[in-house]
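These notes are about the structure you will find just below.
In this document, chain identifiers A, B, C and D correspond to the written order of the chains, with residue numbering beginning at 1 in each.
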Amino acid sequence: MSTAFVTSRRVEFSDTDAAGIMHFAAFFRMMEQAEHDLLRSVNLSVVMHDAAGKISWPRVAAKCDFQAAARFEEVLQIEVRIARLGKRSITYSHRFLRDGQVLATGEITAVCCRIREGALPKSMPIPAAMAKKLRTFVESSPRQ
Amino acid sequence: MSTAFVTSRRVEFSDTDAAGIMHFAAFFRMMEQAEHDLLRSVNLSVVMHDAAGKISWPRVAAKCDFQAAARFEEVLQIEVRIARLGKRSITYSHRFLRDGQVLATGEITAVCCRIREGALPKSMPIPAAMAKKLRTFVESSPRQ
Amino acid sequence: MSTAFVTSRRVEFSDTDAAGIMHFAAFFRMMEQAEHDLLRSVNLSVVMHDAAGKISWPRVAAKCDFQAAARFEEVLQIEVRIARLGKRSITYSHRFLRDGQVLATGEITAVCCRIREGALPKSMPIPAAMAKKLRTFVESSPRQ
Amino acid sequence: MSTAFVTSRRVEFSDTDAAGIMHFAAFFRMMEQAEHDLLRSVNLSVVMHDAAGKISWPRVAAKCDFQAAARFEEVLQIEVRIARLGKRSITYSHRFLRDGQVLATGEITAVCCRIREGALPKSMPIPAAMAKKLRTFVESSPRQ
């Protein structure tokens, strides 16, 4: 059985736009923040160091479907699951809720990369100790 | 034959993050800005008024795939096409290029809505005069 | 004796820039967020309604002095005091701390305004009930 | 005689907030963007490299006074002058105008620093060649 990680964010005034609602790009910022909350909950970080240097997670894909607007000062619950834990990448799936109503659902795929100053990020296998900590958030397929 | 609308944006320092590259959410802001540039190019705006009041375009879906990073001070070309011009919604498709290299491709779907203070946005048919101006940006399907 | 209101914010990845630290404009967003936390702590909001309509608080001045950088994932304490509670305006003063070290100090002055759709904000006296709730945060002058 | 550097920015939808106007923190982002435009106009950048490594300009102070609101799609003219060209720091002064009306005036002070990965920025004298290029933007005092 998978476990959804749940965190929350309040819609700040600087997240809103002239339509009077949270700007759609703010959902993507919050999706990333929720992912980082998940990582911290198991003592990981999106920026880590091992003996060989810095490891981080450039995003290769992000998407979000918006069902209902969020407004200033509302507190949104954000559920995060791992839809796919690959060899070198992770796909996180997100649900935004307000009082049980789903406002938006999204996904972010990030690739485990070695980061070196002045060089392009280079993909690398997810360290085993890290993958192990994340397994608890992996969505079980419906039939298993 | 469809025509891509082309605009550009410079990567500002406030668009970057601690990974030294443009933050992924900034691509979504620029996709929206490019859409608004397209609208202005035919004397439209994402916020318009008709006899019955205000019309605007809440986003219902957005996605982006990232192939390569963008860095501070780079000027990005952004191509915008209309992938689908519906009765009540438009799907814009975007390509980010730097010196001919594709950095990212994305899509935003927005719905034509009547906006009233204190009420939820209500979808409405795209006004005919507006649809007509936008037809030039509609992608022709490859076989037609 | 005045009471500082204390709140906190974590530096999110989207708050950082290519210098590897929190972007200076993010301090201003957090100063405003801390002000709004203060207002909520006494059941007020920066956007309120009375019998005559909407009341809000456009900013007329903001400043911040930066002593030390803040980095990704750090949790910052933000102290907010009211440096001046005027007839029609409030000056909030802010201190950012990390483990007791002051990182930055700032001020925001906001004016109580009647907000009407399509009209410019118009300054108005701060409602007495609101001023009363805020008095506890007013800095006493050192000698009084 | 000093020369103001003049640039412009359009108020994007993502710059606005639920009050229907440009969010006050967006003025600070634009002040920085205008400074970077000024630097590029004389072939400089806020991030440069010399034989000893990377040079950049952390901000130590920023302020802005707001006289009038800016709205979506408006094009703002931004004048930048150098109020003070010090040995190790520069104070830029900014004016935002729309059709000749002053909307806001601000100042940013930035310090010339050696930047090394993993170390705190360390202030250093402004390179002579850089100072020379910037002299044209220095405000002459009224009486000289």
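We adopt the following convention: contacts are C-beta pairs under 8 Å (C-beta built on N, C-alpha and C of every residue); 3 or more make two chains touch, one makes a residue touch a chain.
Being a predicted model, the structure only gives us computed values, none of them experimental.
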Subject >> Chain pair showing more contacts of the two, A-B and B-C >> reply: A-B
**OP:** Find the chain most remote from chain A, comparing centres computed as mean CA coordinates.
**Re:** D
**OP:** Could you grab the centroid distance between chain B and chain D? Build each centroid from C-alpha atoms only and quote it in angstrom.
**Re:** 29
Subject >> Cα-centroid distance, chain A relative to chain B, in whole angstrom >> reply: 24
Original post:
What whole-Å value do you get for the distance between chain B and chain C if each is reduced to the mean of its CA atoms?
Top reply: 34
Original post:
Of all the residues in chain A, which ones touch at least 2 other chains?
Top reply: 13-14, 18, 21, 25, 29, 32, 47, 72
Original post:
For chain B, which residues count as touching chain A in their complex?
Top reply: 18-19, 21, 24-25, 28-29, 32, 47, 56, 58-67, 69, 115, 120-121
**OP:** Quick one: which bits of chain D touch chain A in the complex? Just the residue numbers, please.
**Re:** 13-14, 16-18, 20-21, 23, 25, 71-72, 117
Original post:
Can you name the residues of chain D that touch chain B in the complex?
Top reply: 12-14, 29, 32-33, 36, 40, 45-47, 72-73
